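Just so it is clear, A, B, C and D label the chains in written order, and each chain counts residues from 1 on its own.
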Amino acid sequence: MAWSRDQLAQRASKELRDGFYVNLGIGIPTLVANYIPDGMEVTLQSENGMLGMGPFPYDEDVDADLINAGKQTITALKKTSYFSSSDSFAMIRGGHIDLSILGAMEVNERGDLANWMVPGKMVKGMGGAMDLVAGVKRVVVVMEHTSKDGASKLLKKCTLPVTGINVVDLVITDLGVFEIDKHGSQPMKLLQLADGVTLEEITAKTEASFVNAL
Amino acid sequence: MAWSRDQLAQRASKELRDGFYVNLGIGIPTLVANYIPDGMEVTLQSENGMLGMGPFPYDEDVDADLINAGKQTITALKKTSYFSSSDSFAMIRGGHIDLSILGAMEVNERGDLANWMVPGKMVKGMGGAMDLVAGVKRVVVVMEHTSKDGASKLLKKCTLPVTGINVVDLVITDLGVFEIDKHGSQPMKLLQLADGVTLEEITAKTEASFVNAL
Amino acid sequence: MANKVYPDAKSALEGFTFDGMSVMSGGFGLCGIPENLIIALRDTGVKNITVISNNAGVDGWGLGLLLETKQIKKMVSSYVGENKEFARQYLSGELELEFNPQGTLAERCRAGGAGIAGFYTKTGVGTLVAEGKETKVFNGETFVLETGLVADLSIVKAWKGDKEGNLIFRKTARNFNPMMATAGKRCVAEVEILVETGELDGDAIHTPGIYVDRIVKGNFEKRIEQRTVTKRENA
Amino acid sequence: MANKVYPDAKSALEGFTFDGMSVMSGGFGLCGIPENLIIALRDTGVKNITVISNNAGVDGWGLGLLLETKQIKKMVSSYVGENKEFARQYLSGELELEFNPQGTLAERCRAGGAGIAGFYTKTGVGTLVAEGKETKVFNGETFVLETGLVADLSIVKAWKGDKEGNLIFRKTARNFNPMMATAGKRCVAEVEILVETGELDGDAIHTPGIYVDRIVKGNFEKRIEQRTVTKRENA
């Protein structure tokens, strides 16, 4: 047993706070928008130049000039504003976004993150990921705990080229939730186990060292 | 005999070219706007955030939100656009303004300019002058040739704290016009004498060394 | 979401002010200054303020009000020539002053808000403002390193704003306001017209609401420093 | 004044292109790309172009057209995942590639246009993109020095433009276009709607005409990469 993609998104949604400005990465993080609690106002930023992102449009409302950072057609809201890429990343780099939720290939126990490059494979580029992890106030990673061959993705040291160092605050995997003291010296803490996951299982599947803070 | 303020402005207007974007300083440079040749289109930039500056308004059209860098009420034109101070100085610093015409207390033969500070006196500040001389493609100074006590303002070395070094391309004084090879090693050249001024007079009143290129 | 709209300038500053704080104040001359928030800041009685503002107001208006009450410890400005009380305090050593070239000041505010720690500019190279600063040669030209500026509080003035904090400025009253809005740890905006969210065109918004913590509708004098006019020819 | 309006994209590029040139091309994905000018640039036959663009188009559209004809020597981009021909040329060593983080790329273009030779950013510190670059510590944090970018030519796409070259962008089609317009030694803009000077609101103009050398009304396909929709519930 472990968390499904939707359960991961739902768990990540618990990191939202009323009034937050949030940037969601592609994939599972995008699903977090479906779990914003009723009565909570969260404003989604899209790094291609938009604050206040709405849901996908109805077919007849599709607008080629209105896309998100995943190049998907979206809609605007009443509060929406648009700006240039430089203004968008000024917003990100300047620490004005409260929360970034994004995927990862690897995270290490000091909060280093790798999610943009696998040497020897065709590399697509980092897009805005390096800017987001360096600039956003709080960075939450949502990922599978292990790779397809069962290797831990929560490591002592990243093996892939990193996207940022000491940048991740929280890691939510299908097996559990870990907190990282990215600028301090506290060890990584296990905060929560996914439904049906045991401490033994998560310990066995985690290369990174952590302390039990359940 | 020498040029009057209006004659200085008129001479400076000969530096304008069709299609130029121009920033005019306070004082005599402002008068240059009165001498833009018919049929020539020149767009005036005001560094407080406006491109396409019009004349002073009629009394009933005065708008507190529409001023120039001298804090004078002005008008807009059809082509006018507004922008922030950072965007305005991006335009200036980035070399997009073709010509800046401004006043000076001292200019030296290498194109250094002093126009913002007299030590021991209350200092008002440099405003945008340092940005303008550093950023604008071509810098023309319009000034009196000598100070009230008869001392040359065209010097071998500036005595006052400078606004910029190697920045002035052309100096128009009430006695004549000098060209400066600001990035090169050519000597300053006397290009023109004001009406009724002799080479002997201008030589006697100029501390800077120059060659006669009349 | 927490309401950003406050009934008046006084309440909009509550909890945001303290002795020794730094304040960025928008405006160029008296154009586009946060008139109401300057008065409210004066009325807090907060002392030893470092004010970052292109100018220092005039005697009796704008930041001149905070000079009268001696609440300002230091000014960071590009031009302060319109204010006698300023000159008096400065010459008597009561007031500190840091001059920045106007474009450098504007860019430092933008950089502070944009997470740019420092930038290289040609402005000021070889002058007093470059003294003690690092320089670096790029493509044969010398540039000086200037740093990003942030403040504890930014007070800005816009023309229109909505309840989300989105702002639109008018004509040359925009000036320093947009960058300063980004560079305050807190930002309070005063507007002439406060509208419902959705009434502003998203493409025309100059300052997205993310930068604005509180917004208040103000009453404006909009004083003019140099009333220059064209006389009508006799008809 | 010299007329800025050109009858078509081809004539608007005349005299502005040469082998080995650098070109900034606006757009994010296929959104807000200068469709007409890319085709016209292809048709010039100019070779060995260094293209600075966030993305590289797709096979058969946008900058993909210039990849097909092998006119591009090098790309400076943040993400190039949508293009098979790109991958083929890159893996075979025919094409050079320089990755910049998206925000760093945007800021480098802004800096280039703004006369900022370099700036310090936290983005990329400790990663491959910081290798060989200077770093500097500000307030205990490490920043990496990135440089301003300029190009021989910028091609941008706006929604509305006037004969003076003033531009207004629409929604997320703004993206890289405004900064790139400032950072080209020459800039050509294509617009959907070309109006008389005076029809645009001066407060709403995103790119002042000073940055635009030539302007042309284009015909637009405005292709969509990911058509994602919400299905209507059965009524």
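Everything below uses one rule, namely that contacts are C-beta pairs under 8 Å (C-beta built on N, C-alpha and C of every residue); 3 or more make two chains touch, one makes a residue touch a chain.
It should be emphasised that the depicted structure is a prediction, and the values quoted were computed from it without experimental measurement.
Shared contact partners of subunit A and subunit C, listed by label, are D.
If you average the Cα atoms of subunit A and of subunit B, the two centres end up 54 Å apart. Each chain gets one centre point, the mean of its Cα atoms, and the points for subunit B and subunit D are 35 Å apart. Centre-to-centre separation of subunit C and subunit D, using mean CA positions: 32 Å. Annotation: 28 Å between the Cα-based centres of subunit B and subunit C. In subunit B, the residues that reach two or more other chains under the touch definition are 76, 82-83, 89-90, 92-93, 135. Shown for subunit C are the residues that touch two or more other chains, namely 107, 110, 114-116, 121-122, 169-171, 174, 202-203.
Taken as a graph of touching chains, this assembly fits none of the simple shapes: it is neither a line, a ring, a star nor a complete graph. Contacting chain pairs (ordered by label): A-C, A-D, B-C, B-D, C-D. Within the complex, the subunit C residues that touch subunit B are 28-32, 54, 77-82, 87, 90-91, 99, 101-107, 109-110, 121-129, 159, 169-179, 206, 222-230, 232. Note for the complex: subunit A touches subunit C at residues 18-19, 21, 40-41, 43, 45, 51-52, 76, 78-83, 89-97, 135. Here subunit A touches subunit D in the complex through residues 46-50, 55-59, 62-68, 70-74, 76, 82-86, 88-90, 92-93, 112, 117, 122-131, 134-135, 161-165, going by the rule given at the top.
Contact residues on subunit D toward subunit B in their complex (touch as defined above): 1-2, 110, 112-116, 162, 164, 166, 182, 197-198, 202-203, 205, 208-211. Touching subunit D in their complex are the following residues of subunit C: 107, 111, 114-122, 136, 138-139, 141, 143, 147, 168-171, 174, 201-204.
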